[in-house]
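When the chains are written out, they are named A, B, C and D in that same order, and each has its own residue count from 1.
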Amino acid sequence: MVIAAARVHPEKKQWVARCGVSRFYNDFTSLVQDPDLDAIIIASPTGFHATHIEQAAKAGKAIFCEKPLDLSFSVVKKVVQIIKKANIPFMLGFNRRFDPTYCRLKDALQTGKVGTPHLLRITSRDPGPPPVEYLKTSGGLFLDMAIHDFDMARYLLDDEVETVYTEAAVLGEPRLKAFHDVDTAITTLRFKKGTLVTIDNSRNSAYGYDQRIEVFGEKGVWGATNPTATFEYHSDTQGFHSPTLLPFFMERYEASYRLEMGAFLKYISEGGPSPVSAEEGLQSMAISIAAQRSVEENRVVCLSEIINN
Amino acid sequence: MVIAAARVHPEKKQWVARCGVSRFYNDFTSLVQDPDLDAIIIASPTGFHATHIEQAAKAGKAIFCEKPLDLSFSVVKKVVQIIKKANIPFMLGFNRRFDPTYCRLKDALQTGKVGTPHLLRITSRDPGPPPVEYLKTSGGLFLDMAIHDFDMARYLLDDEVETVYTEAAVLGEPRLKAFHDVDTAITTLRFKKGTLVTIDNSRNSAYGYDQRIEVFGEKGVWGATNPTATFEYHSDTQGFHSPTLLPFFMERYEASYRLEMGAFLKYISEGGPSPVSAEEGLQSMAISIAAQRSVEENRVVCLSEIINN
Amino acid sequence: MVIAAARVHPEKKQWVARCGVSRFYNDFTSLVQDPDLDAIIIASPTGFHATHIEQAAKAGKAIFCEKPLDLSFSVVKKVVQIIKKANIPFMLGFNRRFDPTYCRLKDALQTGKVGTPHLLRITSRDPGPPPVEYLKTSGGLFLDMAIHDFDMARYLLDDEVETVYTEAAVLGEPRLKAFHDVDTAITTLRFKKGTLVTIDNSRNSAYGYDQRIEVFGEKGVWGATNPTATFEYHSDTQGFHSPTLLPFFMERYEASYRLEMGAFLKYISEGGPSPVSAEEGLQSMAISIAAQRSVEENRVVCLSEIINN
Amino acid sequence: MVIAAARVHPEKKQWVARCGVSRFYNDFTSLVQDPDLDAIIIASPTGFHATHIEQAAKAGKAIFCEKPLDLSFSVVKKVVQIIKKANIPFMLGFNRRFDPTYCRLKDALQTGKVGTPHLLRITSRDPGPPPVEYLKTSGGLFLDMAIHDFDMARYLLDDEVETVYTEAAVLGEPRLKAFHDVDTAITTLRFKKGTLVTIDNSRNSAYGYDQRIEVFGEKGVWGATNPTATFEYHSDTQGFHSPTLLPFFMERYEASYRLEMGAFLKYISEGGPSPVSAEEGLQSMAISIAAQRSVEENRVVCLSEIINN
């Protein structure tokens, strides 16, 4: 099986496919038409995702595409239709669903160890805002960052959102105001089966990349805490000290990226339902849009307002 | 100094004053008129608080009163006026303000160790709903239980609430529905200086009395975790295990009740501003009422709607 | 029941008995002969213990005596005989046996949760050496401090020691050399049923009073960790931080002192075997003497060398 | 640079060299004489180490050899001489010296954060005894397993051992008695600069591979705790639970094996002193032999007895 990574090679400035030995292309069109390629990994900038998916789908290639599908909800809806019609294997890159610790939480929920879930609490804080250049095209806190947490809530609870309420503010990075973006938010979700969810997001975590989840159910509480790079501690006159958190997502989710790619390979080799379908992306994106609207209009937003329009 | 505890002695069925040797009274009126008494601790059922405060205030006694002042907001407003006019020492029983762990958080905030607070997260879960008899007159989750958390947020942030949004549900104790009460809630508060607060409450904690606080600010995160009764652990083929939480508030807040009484004694001996004034009770109660209204009307409630009416 | 505390009242410079209202005596002899007294708590300096026990035993009083019985092993042997002949209730003050956390370890061992114990590891470190005046008459590290750990090993394992090997040094407080005392030691004990024990002691713990125990057995490991005064934490750029240890034994073993006295009251009211007999003191002291000899002669010492001489 | 791994390829039953593309040899002699090879990694069974080193040294190759050099102390002495005379780059495989957590402890010691080290405590427990076939030729607990801990003590303290005392027993795997081997041991080491060390070893850890280190010095305590595979927890009526330890050394020391190989590549590319010289192996092995003798003769053994004979 030969897989093309639709990412421009940083030195050669060419598109690259790799399987054992690398192969280079002058443009995405020639890459996608190479009959030797079985699957395409679309890791190009978000603005290209829709076009690249369409081209690859036409060429009948299996596709892995990094999230989000697009920043426009109507474009995403069209992409979902294109994939459906092309009837090709498609997987969306919500890598956190493959994190071994979160998988233990999912398993506890699925096997009834938690009982009926009452409350889900997600803390998701970046160690600092991304560069202004990135922020311009990121889609904002809810489409760029909180979408991972919204997707995680859907994934863990195996349920869909009914209402969304978000309070947000710019508390750490005043330049965000120019982009009508925020760096701090608390979102409350009500899920259809009754679970209440609170998600707090920040771009300003002085102590590293903080990613915690806690599900509270009738039988107790299950949580995921933060790993650290090393495991030493010390005690002195000032107290007990242990290491700070991992710097950012590349370190924190290293295993999940690896396992995600394994799931894609298994999926395109052995078939079966997509590990993360394009429709999943649509649903999670709808929550981001609802959160954005809740902030703008200072009110509770029903997800049906977004999905059905 | 002689202090009367306005609590009916469980065996003698008489009101009791104690300072060294106990003294008994047939009714609260004769107790409150005993010229030997300097101060009255009002720990009678909530329905008596307003009357007892009025009587004690008229008699010129210093007063400590357990929260809440009353379940009716208009009565509370009147009580606050009565206390103000009587110009007597008055302290309200928000005991958690004296918890040594929370005091460390307060100190960290006051001394600038946290920096500007961005987010405050409170988890407050009871080990089980109280008896139905109690619930009937409790005032509901927000006036009976969450008011402690609302007060804690005000105390820690030294700031007042602007807006309140609450999602709530009955997920564990269906009999609550008959009282129009809930057992699960997530409340989002926006404070005037900009801090966003999320509070999750439950009456159904299978693993004990869970009381955690976390303040996230520009310099890092400060939190209060749960103590346990003992400090053993064990590891076996199933993992690492350590003791469950303390059963309930009598164990968890033992130190804070002791220190609260110490603060009252110091206050009535040495003077100075009240450790917890009646106005504090009014403000925290207003948040409870706003949360209740937010649930009933499924919308964001401005605190000014409550306070100014 | 009236109990005399054989401790000179710090202000009145008189011996004192207390039960409700205090009673004072000019000397221990008149105290011990007061027919109203049922029991005597001997908390006088170690040098008086033997004489006070003898007097109280003659007077037929029930006795609680702080450890050690005496610094001379031959005197201790005699005291044990005196108590035996007098046939009075006697309890020795090894307070740590009543610590709620250690009791959980004892319970785990007794109920088979640990399985056969293979290894026992005790860490016992004082926050600093006591004043030189105290050290002069303390009996040295092994009789004053490590004896608690030796007793704990015997108590937890319900077994007696066969061999003792100790390495010791003066690493923090050079003035100890003048008293032929040490401030740092590692003791290896082999118990009769086969468990191996390592105990490390220090008088120089910069980070507070460190008292940890770990039993490793066929089914896993059970341990006791250190409590702290408060339960806050914080994370910043430097890592995760939580409070330092309790300052010393008065804070760390507060509950065990209270429960110990409760056990004494129950014992003298209801009868039964002594919670901690004088013979227990003899056995634990023998280990201290063996450790001391091991250091002096740089060799393994069989406990039978001490006990049978 | 081409490196040969002196390990028989499991399928081809041939010796293998690999650098990009693999190359195979019928015997070690033809491998070692391949002029294309720059360095040899000797990962053959212990019995071959001495011969393979000698051959590779004659051929002038750089050598990485897994510990131990040999099970016979006199052979090891000869091997050390051969390496010295050949004047080739040589590195011994004490992989744990490259563990990132232990490196933080080493750094704390070297930079004075611990102050003078008073006590070092190592806990090193295998999840179960290896197969009997392996045990026959392993050299026993001290040469096979505890040698890692002895080496770690030397590495961390940057000091050499003066005396060794070991208590050992067969408590979990009775078949060990037939090989005069043990599965449980406590070793006390006195180092030349005064630090006292206690190491407890077991082959019977029911709860996984337990590898902990704690250095206690004048400024406080620094320790290394166990990582786990995932980072979830849960609380229920039984208490708080988190994951069990990693299964064994392949998982626990994955990073250290990788970093060790990086240190070897850097060493043979850039020169400088060996990251772990053959003499280091000699010193750590001498402690293992002393521990063995201490058990056999039930006495303290001076390391000079071993080194100088």
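Throughout what follows, a contact is a pair of C-beta atoms (placed from the backbone, for glycine too) under 8 Å apart; a residue touches a chain by one contact, two chains touch by 3 or more.
Everything numeric here is computed off the predicted structure, so don't read it as measured data.
**Student:** Have a look at A-D, C-D or B-D and name the one that copies the A-B interface, over half of its contact pairs being the same.
**Tutor:** Answer for the repeat of A-B: C-D.
**Student:** So subunit C and subunit D: same face meeting same face, with over half the numbers shared, or different?
**Tutor:** same
**Student:** Sort out for me whether B-C or A-C is joined by the greater number of C-beta contact pairs.
**Tutor:** B-C
**Student:** What's the distance between the Cα centroids of subunit A and subunit C, rounded to whole Å?
**Tutor:** Once rounded, the distance between the two centres reads 58 Å.
**Student:** Please tell me the distance, in whole Å, between the geometric centres of subunit C and subunit D computed from their C-alpha atoms.
**Tutor:** 40
**Student:** Distance between subunit B and subunit C based on Cα centroids, please, to the nearest Å.
**Tutor:** 42
**Student:** Which subunit C residues sit where two or more other chains touch them?
**Tutor:** 206-207, 210, 219-221, 235-237, 243
**Student:** Using the contact definition from the top, classify how the chains connect: line, ring, star, complete or other.
**Tutor:** Topology of touching chains reads as complete, every chain touching all others.
**Student:** Mind pulling up the subunit B residues that touch subunit C in the complex?
**Tutor:** It is residues 100-101, 104-105, 108, 113-114, 219-227, 229-237, 243 of subunit B that touch subunit C.
**Student:** Which positions of subunit D touch subunit C when the two form their complex?
**Tutor:** Residues 115-116, 118-119, 121, 123, 125, 163, 165, 167-169, 171-172, 184-186, 188, 190, 194, 196-198, 200, 202, 204-207, 210, 216, 218-221, 298-300 of subunit D touch subunit C in their complex.
**Student:** So in the complex, the part of subunit D that touches subunit B is made up of which residues?
**Tutor:** Residue list for subunit D touching subunit B: 206-208, 210, 235-245.
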